[in-house]
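Chains: A, B, C and D, in written order; residue numbering restarts at 1 for each.
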Amino acid sequence: MTLAQEIKQARQDREILLMTHLVLGYPSFEVNREVIARMVEAGVDIIELQIPFSEPVADGPVILRANQEAIDRGVKVRQCLEFAAEMTDRHRIPFLFMTYYNILFKYGVEAFLQKSKESGIRGLIIPDLPPEEGEEYLTACRRLELAPIQIFAPTSTEARMKKLAGHGGGFIYCVARRGVTGTQTSFDQDFDRYIDRCRRATEFPLAVGFGISNRRDVDLLRGKADIAVIGSATIRLVEAQGAAAVSEFIAGLR
Amino acid sequence: MTLAQEIKQARQDREILLMTHLVLGYPSFEVNREVIARMVEAGVDIIELQIPFSEPVADGPVILRANQEAIDRGVKVRQCLEFAAEMTDRHRIPFLFMTYYNILFKYGVEAFLQKSKESGIRGLIIPDLPPEEGEEYLTACRRLELAPIQIFAPTSTEARMKKLAGHGGGFIYCVARRGVTGTQTSFDQDFDRYIDRCRRATEFPLAVGFGISNRRDVDLLRGKADIAVIGSATIRLVEAQGAAAVSEFIAGLR
Amino acid sequence: MKPGYYGNWGGAFVPEILHETFRQLNAVFAEAQADPSFWQQYVDLMASYSCRPTPLTLAENLTRRFGGAQIYIKREDLNHTGAHKANNVMGQGLLVRRMGKTRVIAETGAGQHGVATATMAAKFGLACTIYMGEEDVQRQRPNVFWMEKLGATVVPVTSGSRTLKDAINEAFRDWVANMDSTHYVMGTVCGPHPFPAMVAWFQKIIGEETRRQILAAHGRLPARVYACVGGGSNAMGIFQGFMADEEVELVGVEAGGKGLTTGQHAARLTAEEAGNHPAGTPGVAQGYKTMFLQDSDGQMKDTHSVAAGLDYIGVSPMLADLWEGGRVRMAAATDAEVMEALQLTMASEGIIPALESAHAFVQAFREAGELPPEAAIVINQSGRGDKDIFTIAHAFKDPSWQAFIRAKGEEYAKEPAS
Amino acid sequence: MKPGYYGNWGGAFVPEILHETFRQLNAVFAEAQADPSFWQQYVDLMASYSCRPTPLTLAENLTRRFGGAQIYIKREDLNHTGAHKANNVMGQGLLVRRMGKTRVIAETGAGQHGVATATMAAKFGLACTIYMGEEDVQRQRPNVFWMEKLGATVVPVTSGSRTLKDAINEAFRDWVANMDSTHYVMGTVCGPHPFPAMVAWFQKIIGEETRRQILAAHGRLPARVYACVGGGSNAMGIFQGFMADEEVELVGVEAGGKGLTTGQHAARLTAEEAGNHPAGTPGVAQGYKTMFLQDSDGQMKDTHSVAAGLDYIGVSPMLADLWEGGRVRMAAATDAEVMEALQLTMASEGIIPALESAHAFVQAFREAGELPPEAAIVINQSGRGDKDIFTIAHAFKDPSWQAFIRAKGEEYAKEPAS
């Protein structure tokens, strides 16, 4: 089953799916392990594993700092791939890689994707790789049956959305608003019109990210998006209260 | 008798005359009084009274500082004129004013000279007033029978010396070398040639200044100059050892 | 070749949210390029507001000293705000007007680009925010002061190595939030397409002038042209005047920092010895593909240079291509060599190059003696050094300067904000 | 009229020892004036070494703000070394070459003339000594640093008020000892003849350019021309371009310091109220006759201005004459007004005038609104303000600047000369 099919199937049972995010090696792989176990237990549907990069331009302060601290503590790409293999082996839900293009480019795009596939990864989100620059990546993803998840933005035109969807896989990551990760979004009328536009442009399920941090946010997405993405919020939570707090937080979202 | 005649007469008795200098009001008029008394007693022939000016460009560090301290202590031109009257009244030898042109200009050139005359002053040395700028001054001096003492320099040409002498009175002040007051002069062959040139240019007696501070200097001038001028040396002496030291110093010069 | 590529380098690795912004930018830039009156407007602005054409000065004393080629200096230091940065910034200001945006943002390392942008914003009546690594804010406080007085908000960037590259990231973060009102004034020939093309286009005014001037002054083309290379904008600016003249050798000079073998430098393309690999390797970051100083995972390294404006991980994709193709030769100058060249230039010619520019002087001095007196070389003096007083006086360990700063500091400690 | 006199003012009150030196200087200057190739050589030098012609910039935002005359700014700040002082200094440098002298000396207040002279000396291969009041050495340490790096010896003058006038006296003292080898590069249109004439001659390049430029830009002559007046060289420089144009009003602006009634200023010609006497009175000092700030005995007073370059007791004899004859109107700007005009100009136009120049801006801003939009006014921006960072940041009481200086000071206290 493709990732897209799997998501559609899961949506039959649940009004909205949850996708969470964490930065690999931050604060440590041990904590990552515990956080992931609690997330899966609490019913998270998909997990995004961010391989840290020194120049995370699309990320806001929380994730930015997590990237840097992970690198400062010596986290290597090789370790991230090994850790991903361990997680996909242990847990049933789909895991994705999120990272910036240089991590793939420097490793060798083909080799990196091959290795990701072998690690059980189902798809990738690369925010600084528009399809125009991603020929090698998109071709290899298709060959390896990895989902090259595409991103829609409020600024994307209809034509652009169609084009992106044509290159996409798994689902579409709809950036909820202008700006970077980690700050509040207001889900207003403009937002509804935006999601409508997204729906009309693609058959893929829609994930909505940026600034979702509580049940109210998730409720507002019900009936609009297929997947609610929780990013900085869990990182903040783990920093403040430790990995154990994750269970209750996730359980409370839905 | 004009100042020039008086000097020539004095030279009949003495191989070289001594002219000393002091800055009025420095360190105080009281000290000036004592210094002058001792100078006259020790046989000084002429005394130059410098009226302090805030911008004494032709003076070196010692006299410069004396000018400034006198002004800082509130010395006024009016006081200098009164003090001069007191000195010329008390002592027989000729007294001169030395100052910069602005002191005269601001007072009114005519008025200042009139007042100088009334104070018993015999002549003036104004180092920043070349004859080209001194028409009013020269005319008034002649009218008042004040000697407008002219200055020769080693850089003066023969024609220039003749011109200067034509405007002069009393004696010619021969600047011994390039530079300002207060530093050592070497009385070498060049110097002898220079004094020869001065002699040929004028009938006036010649005073030689700049850097004369001991008997050896005075001896070297014997037979060359008519007047040896002692400037910074006495100021330094009074500063270091007080007014009383002046008697012995002057006595030791000749 | 794909648009925005120079051989293997360049591209536009841009988050989707900026796709439309870049489309608009490309369109406005293409329009401007196609409109001869735009270039004329630009030239007029630079003539009446800055002082273009900037002179080409024959350095007679340095020429005599090295006994070889005639050494000419292109005087970008005489631009308004003191560096070639003004060319690019005023040009982009005209594009901002065309786009009708009301706010500009920029990154800055040395502060020169920040001051130039703040200046342009004041002149064009735009709001302005400047991102500057916290470390650079410390190093370049005078520039921060001027930016603020010019009406800009200066935001110290505390992430990463707290230097230029992090300021660029932070500016992008602002941009993705505010692109409707805001233009990002990229300061050098780097970043995603069309920035390299756009900045190079405005900076080519340097090379066009220089070519005319050297022909008038020397009667023939120069043998070599030297320029320091941070991002590469002053180098591309002057090189473009001679690109088609194959007999003119183009030499870029990178920051050798404490030495190419120490790891503390910012030389991406210069190999330590002929035949060796350079320290930079191909990568994609900050929106474009070039040779970066990075580790084997693709994480960017810390760089070092006495010249803040050269202290950067990447290099223009255009220069990477010209270097790869052999059209541009790359060299490096160490901090120590730079201080020496600076001292010599000041005392011999009465000219104070910026620390960045002094890198080009080092290499020119090394080579001038090899050439015959009939030959001429041109050094691009990208900026003036008096802005660098804190760095230069520090580097020279000037005791009176240190005493002066201590006394001032104590005065402020006694009566703060008096 | 006697040679060297301008109406009642001027002359050459020079000690006899310098008589020959002045004769030679007059002769060489006359020769140069009579030789058209000399002026061409000067213009070429200023074009290739500095960046003449400097631009005339239309200040659109300030014009809009005041809603009156079109405000044009003559950009002497774009000269090499950052002020109009370069014009005079390079010109005198050419005369020094003619005379075959090997050393130059100069006084400096703000330091700009010192830096310019040290620069010229480096370029012309001359030894150089700069006299600078000890207080100014403290105030202007960056300039001292550059002078030294340019190869000059800077002598702090500890006599008198330890400012500009004392530096002039000290330079004269050096000169009377060393005139055979040495030329004294007077920095402004003051001092004994032929200095005012000579400095004015070189500075007229400003006015000649400005007249051409304003006719080209505005189509007619300006209604008024504003210039700050320290010694008066930048003012005489620009005024000469319009002297024969009676419809052009010439306005000189002196340092009002803490206010004309406080005694803490340097306004020699500006009366506190129309009809009153100015604070200056006729006098003779420093070799020339003019209006000086002096007491009733003729002792020079202490002066005050936030702008070191205007902090001077005398004023050009040429300006005293033009003022007396009504051709030049004089006004004054206080320190506080100057800081305000500076802030406004920076934020509105992206231009940082020197504190000296900002005085001219104050008066122009006061009057611009009175004139119709068809009229133009020109402000002479004699120099750039970034050299004044220590004074300006101090005057603005900028807390980040103070913190920065304190931190730097503590760093140096910990490891001196590290």
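As a working rule, a residue touches a chain if its C-beta (ideal position, glycine included) is under 8 Å from a C-beta of that chain, and two chains touch if they have at least 3 such contacts.
Predicted model, so just to flag it, every value in this text is computed and none were measured.
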| item | value |
| --- | --- |
| Partner chains shared by chain C and chain D (touch criterion as defined above) | none |
| Chain at maximum distance from chain D, centres defined as averaged CA atoms | A |
| Distance from chain C to chain A - Cα centre to Cα centre, in angstrom | 37 |
| Between chain D and chain A, distance of the C-alpha-averaged centres to the nearest whole Å | 65 |
| Centre-of-Cα separation between chain B and chain A, whole angstrom | 97 |
| Contacts with 2+ other chains: residues of chain D | none |
| Chain B residues counted as touching two or more neighbouring chains | none |
| Overall pattern in which the protein chains touch one another (line/ring/star/complete/other) | line |
| Chain pairs that touch, as defined at the top of this document | A-C, B-D, C-D |
| Chain C contact footprint on chain A (complex, rising order) | 53-58, 60-61, 64-65, 68, 71, 76-77, 100-103, 105-107, 127-130, 132-133, 150-157, 160, 164, 175, 178-180 |
| Chain A-facing residues of chain C, complex | 2, 11-21, 159-160, 165, 169, 172-173, 176-180, 281-287, 289, 292, 294, 296-300 |
| Touching residues (chain side chain D, partner chain C) in the complex | 47-51, 54-58, 61, 75, 78, 80, 82, 118-123, 125, 138, 141-142, 144-146, 149-151, 217, 343, 346-352, 386-387, 389-390, 392-393, 396-410, 412-413, 416-418 |
